[in-house]
Every structure is written in C-alpha cells, then in structure tokens.
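This is the structure, below, for whatever I ask next.
Here the chain labels run A, B, C, D, E and F in written order, and each chain numbers its own residues starting at 1.
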Amino acid sequence: MPYVTVKMLEGRTDQQKKELVEKVTDAVVETTGANREKVVVFIEDMKHDHYAVGGKRLSDQ
Amino acid sequence: MPYVTVKMLEGRTDQQKKELVEKVTDAVVETTGANREKVVVFIEDMKHDHYAVGGKRLSDQ
Amino acid sequence: MPYVTVKMLEGRTDQQKKELVEKVTDAVVETTGANREKVVVFIEDMKHDHYAVGGKRLSDQ
Amino acid sequence: MPYVTVKMLEGRTDQQKKELVEKVTDAVVETTGANREKVVVFIEDMKHDHYAVGGKRLSDQ
Amino acid sequence: MPYVTVKMLEGRTDQQKKELVEKVTDAVVETTGANREKVVVFIEDMKHDHYAVGGKRLSDQ
Amino acid sequence: MPYVTVKMLEGRTDQQKKELVEKVTDAVVETTGANREKVVVFIEDMKHDHYAVGGKRLSDQ
C-alpha cells in the first residue's frame, strides 16, 4: 500500500519500465510517508487499436 | 474526460472495435456535454478461460 | 457482457446519468451485436481533488 | 453481481484457475447471499516485468 | 498477491463484508497456493444509480 | 497518457495529495518521455473496512 497502476501505450523499453517503477515508488514514498516495501506498482500496456481519443483509435489515425 | 473502459470477450473484428469507440464516444458527448476531443475509450479483451459466470468459465462450458 | 465503466467528474445530474447509460448501451449493442440484457454499465464519479492532468489537480487550478 | 476480479502472476495452471473461480464464487454466494448465476469472476494475469513491490519488478530480482 | 477486488451493491452489513474477505481469501489460498499473508482484498460499493443492466439503472427500475 | 491510478488508504492530507500527483507526474515524464500535459493521475481512497490483507480487514485488526 499504496497500489499504483500505470496504464500506457505499449512500446516502452524494459529499461524505461524498470526506471518508471523505481521513480514512481520514490515519489509515492516521499509524499505519502508509505513504507517503501509496501508500495506496489502494476504496469498495463495499451495496444494502439484498443485506445481512442475523440472517438478515433490511435491505429486509425 | 470522461474515461470509458469497455471490457468484452475477445473475437470482435477490428471494424467492430472502430465503430464501437465512435458510437460510444458519440453517446458520451451527447448525454454529458463533454468535449469530444477529451473523451477517452479503452478496450479490454477478456479471454474465455479468464471469465466466469456462476462459477464456471466460458472455456469450461 | 460487455462491461462498460464510465469514469467522469462528479456533478452530472441524475437525468444525464440515466440517458448516458441508455445511449452507451445502445452504442454497444449496435456495434458489437451483444444481447442488450447482458450489457452492464458502471458509473464512477471522480472528485476534483482526486483527478490531475499535467501534475495539477482540478481543485488546484 | 457481485463482480470479482482476481489479479495474479501468470503461471497458474488451467486447473487452478478453474477451481479458483468455483471456490471464489462459492465464497461470495455463501457470505453475501448473492444469486450464484449472477456472480461474475474475471482473472487478470500479471507479467513478472509489469509488477513491482518496493520499487523493484519481480523480473529484476 | 493475488489482488482481489469485489465490486457489489452497497447495503451489505459489516459482518457480511468481514466474512466475505475471510472466505474469499481462503478460496484463493486453497486453489492457488498463495501465501495467505500476501492475499489482498478490496471491496468496492456500487450505488443503485451508478449501475445499469440492459441500459437501465437499478434506481430506475 | 499515461494514466496513473494511486489507490491508498483514506486519511492523507490535501497537501500530501497535491504533492503526490506532482511528483508521480514528474517520475512518469522523466522515465517515459511522455508529454507532461498528457499525464493523468487518479487518486482512489480506500476505507479501512473495505481493504483486507491476509483475510483480515484493517478495521478488524
């Protein structure tokens, strides 16, 4: 606790994801006082054909 | 904003998904007055072995 | 099935929410061929101090 | 209704998932009085490189 | 881990919720072999005017 | 995009939440290269009687 979910377009590198969870965890610990070992981060990849803004999927643009 | 998530069984065609996000976006804009360019739609596919009703997965029926 | 979640800022009227679920359900049925009686819609209200774009909550703008 | 989502690390067998949804459904029916046929269970697999505790992904440990 | 979310209509008693999380946790441990101390359960209440089946909210029926 | 959801126990102050969304947004921008104006953060409060670890709700401990 806290539980953080980051939903983003597929395509980020493994290194980017590694740093993302580290830095986001740092941010949560620093601002909420949570115990670092209790912070959980989930990453969810979105596909271009499953994500739309303004009624248009990225894969249709 | 708003953010709409549509979770459904895998197997819909690309054309169906394209029309789904268009029509759902239309519905949201028409009824909430949201700015069309701000409406976000996420599609999530469910697999037959990861979805159960009444304690039984679709893949077990 | 499908399961639709609409997350939006609090403040819409009851009538707007009533029409929202009707029209979104129509859109899902029309484009996916789902059985109308199986379509589920959840509404989730977001508070102004629990929603941020660009690192700034709506309540701080 | 209710709608139950079980998010867990990938790697469970098909048999484990089959029993999981049965037993979880039993537990929900027994304690809430819900109609068994209305209980819905979703399983979501997490990948080792998309799940972190304490700022470290399982795939980095 | 696993992380279980139970979304249900508001109105269950505190005792029902207490037993729900116990029994659901039992079911998860028994079928997945997860360490009991790692199983997390979240309850989410749905309001009658924020939940619709077949295009009609419970509050409109 | 990305869309970040932070689920945590109720009770953090408004100032903590303000700083949380700023720092988490910084972390996402720094590590993914996302456009800061596109990063969205949602906060979700958990109640003590709606959150359990090891089959026991916080409110029962």
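Keep in mind that, in the parts below, a contact is a pair of C-beta atoms (placed from the backbone, for glycine too) under 8 Å apart; a residue touches a chain by one contact, two chains touch by 3 or more.
Just so it is clear, the model here is predicted, and its values are computed rather than measured.
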- Taking all residue numbers at the chain A/chain B interface, are over half used by both copies (same) or under half (different)? different
- Could you tell me which pair, D-E or B-D, is linked by more C-beta pairs in contact? D-E
- dist(centroid_CA(chain A), centroid_CA(chain D)) in Å evaluates to 21
- How many Å are there between the centre of chain B and the centre of chain F, using C-alpha atoms for each centre? 25
- Query: In chain C, which residues are in touch with two or more of the other chains?
  - Reply: 3, 7, 26, 46, 51
- chain C-facing residues of chain F, complex: 14, 17-18, 21-22, 25-26, 36-45
- Spell out the residues on chain D that touch chain A in their complex, using ranges where they run on. 7, 46, 49-57, 60
- Message: List the residues on chain F that touch chain A in their complex, please.
- Response: 1-9, 12, 16, 19-20, 23-24, 26-28, 30-34, 46, 51
